[in-house]
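After this come two complexes, each holding chain A, first together with chain B and then together with chain C.
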Partner chain A sequence: MRLKVDGKEMEAREGALLLELVQVPTLCHHPHTETRGLCRLCLVEVDGRLSPACATEAREGMEVWSDTPGLRALRKTLLEWLLLTTDLSLAPELQALALALEAEPGRWGEVPGRKGREAIEDNPFFLRDYAKCVNCRRCVDACGDGIMGVYALTLTGRGLLAHPTTPLDRPLPETPCVFCGNCVQVCPTGALRPLTEV
Partner chain B sequence: MRTTCPYCGVGCQLEPEVRAGRVVRVLAPDLPPNHGALCVKGRFGLDFPFSGKRLLYPMLRERKGAPLRRVSWEEALDFAAHRLHETLKAHGPEALAVFPSAKTTNEEVYLAQKLARVLLSTHNVDHCSRLCHSSSTAALSRALGGASMTNPLEDIWKTDLFLVVGSNTTETHPVIAAMIKKRVRQGARMIVVDPRYTGMAEAATLWLRVRPGTDLFLLNAMARVVVEEGLWNRAYVEERTEGFQAWAESLAPYTLERAEEVTGVPGERIREAARLYATTERAGAYWAMGVTQHTKGTATAQALVNLALATGKVGREGAGLNPLRGQNNVQGAGDMGALPDVLPGYAKVAEEEARRRFEAFWGVPLSPKPGLRMTEVFEAIPEVKAIYLIGEDPMTSEPFQDHTKAQLEALPFLIVQDILENETTPFADVVFPAASFLEKEGTFTNTDRRVQRVRRVLDPPGEARPDWWITRELGRRLAALSGRPWPLHEGPEAIWEEIRRALPGMMGGISYRRLEKEGVRWPCPSEDHPGEAVLFRERFNTPSGRARFFPVDYTPPAETPDEAYPLTLSTGRVLFHWHGGTLSRNSRLEAAYPELKVEVNPRDAARLGIADGERVFVVSRRGRIQARAWVTDRTPEGVVYAPFHFAEAPANRLTQDALDPISRIPEYKVSAVRLEKLD
Partner chain C sequence: MEKPGLLPLLDARLPLTEEGVAEAARLAGVSLAQAWGVVRYYPRYGEVREGRYLVDDPVARARGIGSLLEGTVGTHPPLGLEALAPAYVRVEGEERWVEVGGRAEPFATFRLPFALGHGRKLLPPEPTDTLEAYRAQGGLRALEAARKGDLTPEALLKAVEEAGLLGRGGAAFPTHLKLRAVARGEAPRYLVANGDESEPGNFKDRFLLEHHPFLVLEGALLAGFAVGASRVYLYIREEFQAAIRGLKEAIGALEEAGLLLVPTEVFQSGGLYICGEETALLESMEGRRAEPRLKPPFPVEKGLWGRPTAVQNVETLAAIPRILEGLEAWRREEPKLFSISGDVAAPGLYELPLGTPLGEALRRAGGEPEGLKAVLLGGAAGVFTRDFAFPLRYRERLPLGAGAVVAFGEGVDLWAVLEGLAHFFQEESCGKCFPCPLGTTVQLALVQRRVRDARLVEDLASTLKGSLCGLGQSAYWAYRSLLEVEGAA
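Take a look at the complex of A and B:
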C-alpha cells in the first residue's frame, strides 16, 4: 500500500497506524492499553483534516502532513494548557517538548486547574497524585479492558473537570484493586507512583 | 537491568530500578511471558532482600543444645563437610538427604543434586514440588511421557475454551489469570471447577461448584458423557493413544445422577460442560493445587489427562494440558534432577542406560535404587541422619506441624542454607547465608518451559554468598575427603555449560548469549532451533509413541466431617503472600495482608454466631490455630478456607499427612475441623 507522508511517497503495510510512519509526540497512546485518540498531541493532517496519528490507520493514496506550522501551534497550545492546569514536574519528556515548542503558558493568564489537589495515599504500595494527572486514561484502560479486567479505576466528570478515580471515589483497598501496579507502570506523568519513590 | 520474578512460575520479566542499594520501582519490559504486566508480588514485593531477618554470616553449633555462633566460611564449610562425610562413612548413603530448592537457579539445583549423587552417593534428593505438583508429574509422565505444560502461554490468545480445575489463578498466577480473562472478554469461554467463588469463577461462562475433593468424580462423569454421546475423537484415539476401551468401560459407574449426589453439581451442568469441552477444538485445560493436593491427586490429574486424550486435545495449538507450576523454578528443579527417581532431564535412575550415561559423564558409579521422597525422608528420621536443606522451610510447609517438629528435633545433623531466618532455622546445626535472586546470576525455568536469565543487580549483604558458590565449596571439601571428582566451576555460566552437555537434546541450544535477548523454551537441541512451543504434535514420549489411558476410580477424602469436626477445611494461598510467607511477609506485601483470615460461609457463621472480623479458633484432630473470621460466600456452606502463609497461625498444624499412594503428596485440601469462638 502506498501513501504520501510529508511530501514523500511511502510504503506501508495494511492496518498500520499513522503513528508508525511519522514522528509525532504522543501522550495517551500506549501499546498495552490500546488507549488512543484522547490527548490530541499526535494530531496530523490527513487529506486536509486533523486526525490523531495513534488512532488512524494508513490507507492507500492518503496524504499526510505531520509537521506543519498549524500543527506545531496546536501542539504548543495543548502543552501550554497542560502546563497551566497540571503539575508536570515528574514528566521530563513533556517538559522537554514544551521547551522545544517554545511554550509560554503565561500568555493565557490564570486558569483554574488541578494543581492544588492533594495526593491520595490510601494503600501501602502507591500514591495517586492527581495534581499531576493529564487525563490520558492509560491507567483506566490498564486496569480495565487493556490488561487486568479489574475495573478499579474509572473516569468521572466531563471536559476540563474529567479525571480518573475509583468507583464512587472509594479508597483503593475498598475496590476490586489487586495492586498489580500496571496502572502505575503506564502512567506517563508520575501521577501514579510507588511509595518507595516518593 | 532485566531479571526474572522470584515468586511464581509465570516467570515474569522485570526491571528493578535500584537507587542507593534499594529497589525503588519495578517496571516490566515488553517481552514474553508477561509483556509489560506484573502482579503485586513482582511489582511491590521485591524488598525482602533488605529484611532485618537476612542471614548475614555463617553460623554453627558444635552440639545439640549449644547456641549457634558466628564463624568464618572456612570453618562452617569444613565442619559441614566433615559431619556429612562421617555420617556417610558410618551409616551409608541412605542416611543422607539433600533438598535443593525450586526457588534457586537451575545451575544451583543441578550442582546440589550432583553433590548428593556424586559425592554422597545418594538419590535422596527432592524439592518442594513434592508438595504441589508431584501428582500432575506422576499422571502426565505415565500417560504422555513428559510432565510439563504441553502448550506455551502465548496459546492463551488462541484458546476458545478454558477448562480451569482447582486453580485460584487470579491469586496464584495473576498474570496468567489476567491473560485468560482478557481472552474471555474477547469471546472465549471458560469452565471453572472449584468449590470457591474465586476470581476465575466470577469470570467463568460455567462455574461448577464441586464439593471439596470430588473433582475426580466430576471429571469421570464428564468423560462418561463424552463417550456416551459419541463426542470423543475417533481418529485421534485410534492413531495416537492406547487403552481407550478399558478406560471407557471403567466409566460405567460415573452417571450424572451419581455425580450430582457426590459432587453437588447438577447433572445437566456437568453434561453442558462435557459437551462444551469436547466440541470446542481449541480447548485448553489448566489446573493447580486444587487437583493435586489430595489423597487422589494423581488420579484426578489422570482423569483430566484421560478426558483431554479422548477428545484429542493434546499436541494441538491453543489446547493441551497445562499444570500451572507454583514456585518460580519448579519446572527447572525437576528438569535438573532434584527428584529421587530421576537424573537430570528425567532420565530414570532405575534404567540402566540412563544411569550409564551419567556415570560416564560424572565419572562415578550411581546406585540403581531410587532415593526417598521428601515426605519419606522426614519419616525416616532418625535412620536419615543428615539433611542439607537449601531454601526450604519444612516447619511451615510440611503437613501436621507438630510431627514435623518432633522429627526435626530428632535429626542428628541439619544444614540450613537460606537467605532469611525462618521457622526451620532454629533446628539447624550449620547455617549458610545465601544470596537472594537480586544478588546473583543464573537461570530460572518458568511454567511453560522457558529458560530465563536471573541477573545480579545488587551485592549480597554481609557475608552472604550465592547458593552455587556455597554448594561448590562444600563439594570441594567433600571431594577432598572422598577422592571423588568435583570440577570447580568458575560461575553459573560454566555450570550451565555442563548442563548443556549433560542434556544436549533438551538444553543444547540454549546459551547465555542467546538468553540475553529473551527466554528460550526447551526442548531446544541446537542454537538455531527456536525452542519447542507445543509438545507432542507428532508423537508422545512413551516407548510406543502413543499416549496411554489409565482408568482411575473415585475415593472419598481421607477425613470426612463428623459431629465433632463438622466443617471441611481447605487450604491455599492469597494474592499478597507466597507459600510459607518467608519472602512476602518480609516485604511490603505484609502491610496489605498482615494476619490470617479464615473464610466462613454466612450460613455457617450465622449458625455458630460468628460475626465478620471476629477472632476464632480453627480446630482439627491435630491442633488448633487462631484466625480472624471473614464471613463471605466465596466459600460454600460447610467449608472453611485458610491460607497457609502465617507461621504464627500455621494452617498446616491442622492438615493431616494422609498421602496420595503414587505421588506421596499430602491431602492439604481436605481436613475436618470445627470453629470455636475465642471467649
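Take a look at the complex of A and C:
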C-alpha cells in the first residue's frame, strides 16, 4: 500500500498506524493501554483534516502532513499550557519537548491550573500526586479494561478539574486495588510514583 | 448489548447515597468505578445548593450580570429562556422553579409562552399538543400512509433527499445520507431524537417539544420507520420537565391510536452542553460519562450499544412530516427556525425561509439593525457580526449554528457577553482531550484581561481546532470574531 507523507511517497503495510510512519510527539498513547487520541500532540493533517496519528490507520493514496505551521503552533501551545497549569518537574521527556518546541508559557499570562493539588498518601506503596497529573487516563485504563480488570480507579470532575480518583473517593486500601503497580508503570509525569524512591 | 441504563437507575435513587450508587451499579451490571465516575460527572448527582440562580445567558450578560446577581447563590447554565431574560432558577428541596418577571413556575409545568412562536409550517399558529388538534391541522397523514403501506421507507428517504434537508442542529449534514447509512446497516438499528438543546441563544427545540410534541414525534417515527429502527429514543434535556411529560402523554396517545410504528421512549439527558454532541449523548445513554468518542467509527455504523444509530436534531425531525406534505412548497420556502433575542422589540422564535438576510430577520422581530452594535449568530459556538446583509443560509461565510440570533444595542459591553461565553465553554468542557479543557481555561483568562493580541488568539485557535469534538473546535470562534468586529468598527 502506498501513501504520501510530508510530500514523499511511502510504502506501508495494511493496517499500520500513522504513528509508525511519522515522527510526532505523543503523550497519552501507551502500547499497553487503550488510551489514544486524547492528548492531540500526535495530530497530523490527513487529506486536510486533523487526525490523531495514534488512532488513524494508513490507507491507500492517503496524503499526510505531520509538520505544518498550524501543527507546530498547536504542539508548542499545548506544551505551554501544560507547563502553565501542571507540575511537570518529574516529566523530563515533556520538558525536553518543551525546549525543542521553544515553548514560552509566560506569553499567556496567569492561568489557573492544577498545581495546587495536595498529594494523596493513603497506602504504603505509592503516592498519588495529582498536581503533576495531565489526565491522560493511562492509569485508569491500566487498572481497568487495558491490563488488570480490577477497576480501582475512575475519574472525577470535568474540564481542567477532571482527574483520576477511586470508587467513592475511598483510600486505595479500601478499594479493589491489589497494588500491582501497573498504574505507576504507565504514568508519564510522575503523578503516581513509588514511595520508596521519592 | 442493551442493559438497564445507569442514569435512569441513579435518577430513581436521588438524592444519592453510597448504597444507592452501589445498587444502581449492580443493577446496570457495571463496576462501582464506572458508576462513581458517572456520579462525579453529571451535576445533578452532586450536591445542589438551595437558593436562587441567575440564568447566565448572553442576554443576561448584556444587561450587566453584576446587578442581576444580587440575591442569588450563583448562576445556572442557559435554559432557552433568552427571549424572557433575565430569568432565574430557584431550587428548594427537590423542587425547581423558573422565575421570570417576578413570577415563578415549577419546572414541571413551565413552558415558553406560546405567543413567542411566529410561523406556519414548523410552528403552526395554533397549539397542537393534543392528537385531535394535530390531526385537525392536517397532521398524521404521512404516519397513516406509512402504517398502511402507502408510504415506503425508500419513498420517504427520496423525499428527504429531494428536499435537500440539512441537519438543523448546527452541523448541517445532509439528513438523507445519515438516514440511508443507518438503513443500510444491520439490525437492530436505532433512531435518537436529539432534544438536548443547550446552546446559548437557542430555544427552538424547547419550543417545539413543549408546544408541538406530535409534530416532533411524527417526524421521529417516520425517520425511525425509514431506517427500520427497532426503537426510537427521545433524548430530552432533563430541565425541560413539562416537555418530557407532554411527550410521554403524546407517545401514549399515538399508541392508543395504533400509530406508534416503532416502540418509543423518552430518555432524560445528562444535563450538560456536551450531551448534545452525538457520541457523548450515546455514551450517556449507555451509562457512562458523556465524553465524545473518537470518530470513525461514526454512529451510523457503531452508535448506541454498538448498533447503527441515527441521531437527529428535533427540528430536523419536525421538518420531515412537512416535507412529505408537499415537497414543492417545502423547497420554495425552506423554512428554518430562528431564535431571536436581545435588543429587539419582540424577541421570540421566527420561522423564516433559509437565505433571509440577517437584517430582515432582525426587523421581523422588531429590531433595527442600524442601531445595533453587533449580533451573536449561532450561539456560544457562534460569531459576532455586523454583516446585516448576510443571508441566513448553511455553508456560507458565517456559521448559522442552530439558528440563534442575539442582538446587542449600542450600550452593550460585548466583552462582558464574550466573557459569559468563555465562562460557559470552560464550565462545559468535558476534559477528555487536552486542548479543550486547557484552551477554554486559558481563553477565559485572556478574555477577562481583555487581551486583543491577534497572534495569541491565532495560536489559541490553532490549538483548540485540534480538540476531539466540536465543543473545543468551535470554542474560539466568538473571541476571534469580536476582534474582527472591533477592527472593522
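By definition in this document, the second predicted complex is superposed on the first by the 198 of 198 C-alpha atoms of A that agree within 3 Å, B and C clash if a C-alpha of one lies under 4 Å from a C-alpha of the other, contacts with A are read in each partner's own complex, and residues count from 1 in each chain.
In the analysis below, a residue touches a chain if its C-beta (ideal position, glycine included) is under 8 Å from a C-beta of that chain, and two chains touch if they have at least 3 such contacts.
These numbers were taken from a predicted model, which means no experiment stands behind them.
K.L.:
Assess the superposed three-chain arrangement around chain A: do chain B and chain C clash, or do they fit?
P.N.:
fit
K.L.:
Output check: A:Thr26 vs chain B and chain C. Expected answer is one of first, second, both, neither. What do you get?
P.N.:
Neither partner.
K.L.:
Quick check on the superposed pair: does A:Arg36 touch chain B, chain C, both, or neither? Answer first, second, both or neither.
P.N.:
Only chain C; A:Arg36 stays clear of chain B.
K.L.:
Have a look at where A:Pro124 lands relative to chain B and chain C in the superposition and call it first, second, both or neither.
P.N.:
In the superposed model, A:Pro124 contacts chain B only, not chain C.
K.L.:
Figure out whether A:Gly159 sits in contact with chain B (first) or chain C (second), or with both, or with neither.
P.N.:
Only chain C; A:Gly159 stays clear of chain B.
K.L.:
Which angle, in steps of 10°, is spanned at chain A by chain B and chain C when each chain is reduced to its C-alpha centre?
P.N.:
120
K.L.:
Taking the superposition as given, does A:Gln95 touch the first partner, chain B, the second, chain C, both, or neither?
P.N.:
neither
K.L.:
Would you sort A:Ile147 into first (chain B), second (chain C), both or neither based on which partner it touches?
P.N.:
After superposing on A, A:Ile147 lies in contact with chain B but is clear of chain C.
K.L.:
On chain A, which partner's contacts cover more residues, chain B's or chain C's?
P.N.:
C
K.L.:
Can you give the closest approach of chain B to chain C, taken over C-alpha atoms and in whole Å, for the superposition?
P.N.:
Chain B and chain C, overlaid via chain A, are at closest 12 Å apart by C-alpha.
K.L.:
Both chain B and chain C contact which residues of chain A?
P.N.:
Chain A residues touching both partners: none found.
K.L.:
Residues of chain C touching chain A in their complex?
P.N.:
It is residues 18, 21, 31-37, 40-41, 272, 289, 294, 426-442, 445-446, 449, 451, 456, 458-460, 462-463, 465-468 of chain C that touch chain A.
K.L.:
Write out the stretch or stretches of chain A touching chain C in their complex.
P.N.:
Residues 27-28, 36-41, 43, 50, 52, 55, 70, 73-74, 76-78, 81-82, 84-85, 107-113, 134-135, 144, 151-162, 165-169 of chain A touch chain C in their complex.
K.L.:
In the complex of these two chains, what residues of chain A are touching chain B?
P.N.:
31-32, 123-126, 145, 147-149, 173, 178-182, 184-185, 193-194, 196-197
K.L.:
Touching residues of chain B toward chain A in the complex: what are they?
P.N.:
These residues of chain B touch chain A: 22-28, 30, 35-40, 43-44, 47, 170, 174, 178, 181-182, 185, 203, 575-576, 588, 591-592.
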